[in-house]
Amino acid sequence: MVDPGSTMGATIGVGVIGTGFMGKAHALAYQTAASLFSLPARPILEMVADNVRAGAERAQRSFGFRRMTEDWRELIADPKIAIVSITTPTGLHHEMALAAIAAGKHVHCEKPLAANEADARGMMEAAEAAGIATQVGFNYLKNPLLGLTREMISAGELGEITSFRGIHAEDYMADPEMPFSWRLEPAGGGVLADLGSHIIGLARFLLGPIVSVFADLETVVKERPVAPGQAERRTVTVDDIARLSVRFARGVGGTIEANWVASGRSMQLGFEVYGSKGGLAFTQERMNELLFYRAGGTRSQRGFVRIEAGPEHPPYGLFCPARGHQLGFNDLKTIEAAEFLAAIGGEPAKGPDFREGWEIQKVVDAARHSAESRSVLPVP
Amino acid sequence: MVDPGSTMGATIGVGVIGTGFMGKAHALAYQTAASLFSLPARPILEMVADNVRAGAERAQRSFGFRRMTEDWRELIADPKIAIVSITTPTGLHHEMALAAIAAGKHVHCEKPLAANEADARGMMEAAEAAGIATQVGFNYLKNPLLGLTREMISAGELGEITSFRGIHAEDYMADPEMPFSWRLEPAGGGVLADLGSHIIGLARFLLGPIVSVFADLETVVKERPVAPGQAERRTVTVDDIARLSVRFARGVGGTIEANWVASGRSMQLGFEVYGSKGGLAFTQERMNELLFYRAGGTRSQRGFVRIEAGPEHPPYGLFCPARGHQLGFNDLKTIEAAEFLAAIGGEPAKGPDFREGWEIQKVVDAARHSAESRSVLPVP
Amino acid sequence: MVDPGSTMGATIGVGVIGTGFMGKAHALAYQTAASLFSLPARPILEMVADNVRAGAERAQRSFGFRRMTEDWRELIADPKIAIVSITTPTGLHHEMALAAIAAGKHVHCEKPLAANEADARGMMEAAEAAGIATQVGFNYLKNPLLGLTREMISAGELGEITSFRGIHAEDYMADPEMPFSWRLEPAGGGVLADLGSHIIGLARFLLGPIVSVFADLETVVKERPVAPGQAERRTVTVDDIARLSVRFARGVGGTIEANWVASGRSMQLGFEVYGSKGGLAFTQERMNELLFYRAGGTRSQRGFVRIEAGPEHPPYGLFCPARGHQLGFNDLKTIEAAEFLAAIGGEPAKGPDFREGWEIQKVVDAARHSAESRSVLPVP
Amino acid sequence: MVDPGSTMGATIGVGVIGTGFMGKAHALAYQTAASLFSLPARPILEMVADNVRAGAERAQRSFGFRRMTEDWRELIADPKIAIVSITTPTGLHHEMALAAIAAGKHVHCEKPLAANEADARGMMEAAEAAGIATQVGFNYLKNPLLGLTREMISAGELGEITSFRGIHAEDYMADPEMPFSWRLEPAGGGVLADLGSHIIGLARFLLGPIVSVFADLETVVKERPVAPGQAERRTVTVDDIARLSVRFARGVGGTIEANWVASGRSMQLGFEVYGSKGGLAFTQERMNELLFYRAGGTRSQRGFVRIEAGPEHPPYGLFCPARGHQLGFNDLKTIEAAEFLAAIGGEPAKGPDFREGWEIQKVVDAARHSAESRSVLPVP
């Protein structure tokens, strides 16, 4: 990527489906990416779709979308749109993505890619057959310090890797009175799909393929209100906690936990990875810090270094020229959008793409089967 | 401020002078503010000025400014521009701001407001006489957790305040080979003006007026290269470290340190404030955390609470609906821009305005005189 | 336990077998316990045994043991000795403990209790049949903050417990050149017995019995020097990393990791435990701090409280009357010795006793079998 | 100091005056020092003195003192006592120390050395004239990590030192209902003498003599109950907060704060020291950790290293052979006692001795005069 500011006159139309948490994040990310990154084409917020008209209108006004619609199919069909962002509940991804691919659009889909492995595979195959570019919204992977982590592991700075411990714990489902939502529907996939996909994706990002898994899944809150403020209860069938013991293709073992009833935790997406020569520890709760231990050196001065994010960790410098000034959550989404735009423009794709989304889904599905059979299962 | 999305059709033209660190930050902030906040008028990036043409062109392309110029006077004179953002070196603020005020523009000026108290007063008086709105870029004050801090102090949650300890330490001047720049010119004001103004502003934001000061200022690196890579040296006359002992009008004492040669510190803008019933501690290095101790309660469970920023701390929720997901540096500038736009639109101004910038400058100047006379001096 | 200082004239003879890390810790603990705690009888360091004469002599001089011996059987047979401390390698515990029990001594044995479940059971049964008092050296359980943790869980301060995550990671075996020692012998039990027993014991201390386990064990360093500085290698058969997925009798699931090749970690004995109403997190790396989150309360002030150890957490106050002044590692051993002396004197035993040591060993053995069969196994 | 265990048959009698917090700490320290350190002579707890008989009796029983007395003069006169430990309120130090010196005893006196500079000088002069060994109880200086800090500064690892920021803040006087005690008497010296002497001593330990001072002292709680639970109030004349701006003889400036009304702080004895090539930060709240930043090196891996105390930092290894296992508060006192015993035996004294206690007192007195005159004063 060359210096920011060199974006040529070219533009590219973006359509965003959904106007919730992620819909807004996508709109903001495309807008900001155009300002901070040097891109092959400037994204234009062409259209937003929400089946609730008021939501679509509000998003249009806020982000300056040129048009809005209640019908996502209209958005996909629009000739001015080259990129379709899908930010709807997981169960809708499959249908929408296939339609967008069929229309020849590049597709930016929120995570997890699909409700199950078969759907994810269908999406991946369709995308690859169509030759369009894809991106899955695992935004945490875009943290410059995680890029550094991957590079350091890859460069052998930890020596031979020996162990991985990964966690994604939050508490937004801890309150038993938290009512049903799409995340609690079978298609939502429970915590394993919702948070587990993030940490599985991160594990793969750092250490490569996972080849086998043992999983313990459990539903802690057995029933919840059918809707906010209602007394009526509905049985929950998805898991609240997932504990995985995994083996990577490179011969390393590890554990992965996903938990959305971890009272007190709001963003404990973290890991520790150890090797024969060092260790690295991270938590998204302090996303601008990475702890690094290197064996050897002066014995009396050993310990973990708290590396602070700075312009030494691209593309941090595009956001701020000064170290330690802190990136935020939305900045990660901006990087994701910028990298997707670059990939569409012909630069090497940084992913994760639909194939990677499918690979993650395979681990999710294998974990589910493992939990049912209480046995170690290979990831196909 | 009502719900985002309700910004009406009105627009307001913004002109930004300067395209460096802060020039970009302002441009991005106005752009993002329009998307996330409900504003009385949508800001339009009307023109950018930089006396280096390439810089102006690059900024125009990156942020989509409608026009650019090499002549800041042209920008100020432009009838489509209602807000002038001044992001140039401190020594230029006075002339530019007076010109903008004379042209009837609202002025958003970077900190410190001016090179000295007389200039700052002149700017304040001109602005108040003209009745235009002003804003000084002390963006750290916009952190939602510092808003919470001020509220808690004001609500008496710490009891009677007894002490304040404030620090702004970084290390960007620690290397003796760091060459001269405008920050090292007398008009730049040294660390006392550059970083000191931030922490003095924060002290006032939390505890109100400072009425007397004792200061110890020192220049650690006595001479530096005249320019990058040059062997020739030039004597440094501004201070590298400032240590203040202050008294607040409310009868509380405290200390304030500003230091730009604090090797290892990249963003240690922090404070601890104590009262008869509790204490609060903060550092911008972990800007999404605030430590709070409340006396009393169960003795065996006492300690500092690590409060994580979340939607409970407005306007965090406009950026992200989930607690603990982290705001970043640029988000603070966005809040600053949004609040200034709201103030222009008639909502109560949250400041800091030029009057507050002048008040801060008075403390800076009193500290300089105190250091020269080695005595405690009143702040006029 | 009444106020310190009331220890009557009675004394009780202590014999310590072994003079390494733990031998010294025991000697110091009995000595200090007598000074800080009010005990039914003052312990007298009667005899120390080490099969290396110089070691025994040195320990005698250092700690003021009245006598020393090269023959541990002589120590056990000594009529002036009522308490036998066994601090030798694990493989020797069984024989020594049985002999001490047969001689009618109270036995304080280092952890893990034995090399396998059968030995542990034999020791437990002999002790219970003989009616002597026993103590196993899981000193970390004596941390006043872990006592608080157990009380808080038990009192329902976390609501219904939903999850446990426990870790004991260090790096003293990370260097592949670390030579063979008794810890690497089969009787040493590998990391699962060495560190795993600590965290399994802690899990049981906090949440009660573990009823089933799935384990993944692996040997990372396949061969090591036969002795310090020797080129000859010997194959390692014990595990370097153990990852367990467990279920507690109370219906809660959890994970437990033991790792002695975790480069950079020197004392990561920690856990996080979550419930419907709160969470607790701890690491022995900061043994004087406990993090506590309580759901509810003022939303804008939520977060984990960092509870600092103080006299509110007995028996901290016997060591120091002021909060936050820090206990150290040896203080935990002192508490262990004092509680054992109190139990011998008739106060309720706080354990862990040999029965508990055997229960822990059952989990260790079940985990080994699980790893071999790659299946979930019940803990008998 | 040679290997532990080599203490010869020689013994040395110790008498302790006072049985409160520090009296117990001294007794325990001498006892433990004998076990862990190789000493020229084994200390014998010969006699304890307390003007309250019950206190003396209790201490005798607890620590095994051979004798006890209500009359401290009897203790000083006792021919079997070679070391007199003075742990009484500050106002009594002068008389007791002079008596002990006159009797030819070595004197271990708690801090601060005296109620004022004149008394301290008298004690120092008497001790030096008598040729006896002295030790002042600034135990925090005995932290192995502070020894490392001093070595690193001295070895130039931070380059040229540029700044010091020192704090000792606690909250034991924060409650306005905390009644009068000797610490609030004029002879107690207020927070400046009580906590300030610790951080002044630490500043001198690390950076050498302080040559001038400006001080702001204030009494926050103007009156307090005359005794526990009494309604009657008495005016407080000593300071609750002291803020100093100092200059060191080496040409470095710094700040020092002492505060015993810092609600929430139990042991914030800390500092940050910066140099041209690095920085170090420490707080006694985490006394087993030292943060170290070194400029240069790989830019993307810069940050503060969290050095964990271990056997690489003597004499940590005498307490525990394993890194990260944590020393505690009492261990520092043990090191102090051991070093004093070694000095008496002829090894180089590590101090702080009475001369150093006097030097610290000179800074305290100069600070008081500075606060009265509101001017910068030289330290004589």
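Note that the chains take the letters A, B, C and D in the order they are written out, and that residue 1 is the start of every chain.
Convention: a contact is a pair of C-beta atoms (placed from the backbone, for glycine too) under 8 Å apart; a residue touches a chain by one contact, two chains touch by 3 or more.
This structure is a prediction, so every number in the text was calculated from the model and none was measured.
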| item | value |
| --- | --- |
| Chain pair, B-D or A-D, that carries the greater number of C-beta contacts | B-D |
| Greatest separation from chain D - chain, by CA centre | A |
| Same-residue or different-residue interface between chain A and chain B, half as cut-off | same |
| Geometric centre distance via CA averages, chain D-chain A, whole Å | 53 |
| Cα-centroid distance, chain A relative to chain B, in whole angstrom | 34 |
| Length of the line joining the C-alpha centres of chain B and chain D, rounded to whole Å | 41 |
| Overlap residues in chain D, where contacts from two or more other chains coincide | 265, 303-304, 308, 310, 323 |
| Contacting residues of chain A [partner chain B, same complex] | 3-7, 21, 24-25, 27-28, 31-32, 34-36, 42, 57-59, 61-64, 170, 172, 265-267, 284-287, 308, 310, 319-331 |
| Chain B - residues contacting chain D, complex | 158-159, 162-163, 165, 167, 169, 171, 174-176, 214, 216, 218, 220, 240-241, 243, 245, 247, 253-255, 257, 259, 261-265, 272, 274-279, 293, 295, 303-304, 374-376 |
| Complex contacts: residues of chain C adjacent to chain B | 148, 289, 292, 299-308, 310, 312-313, 323 |
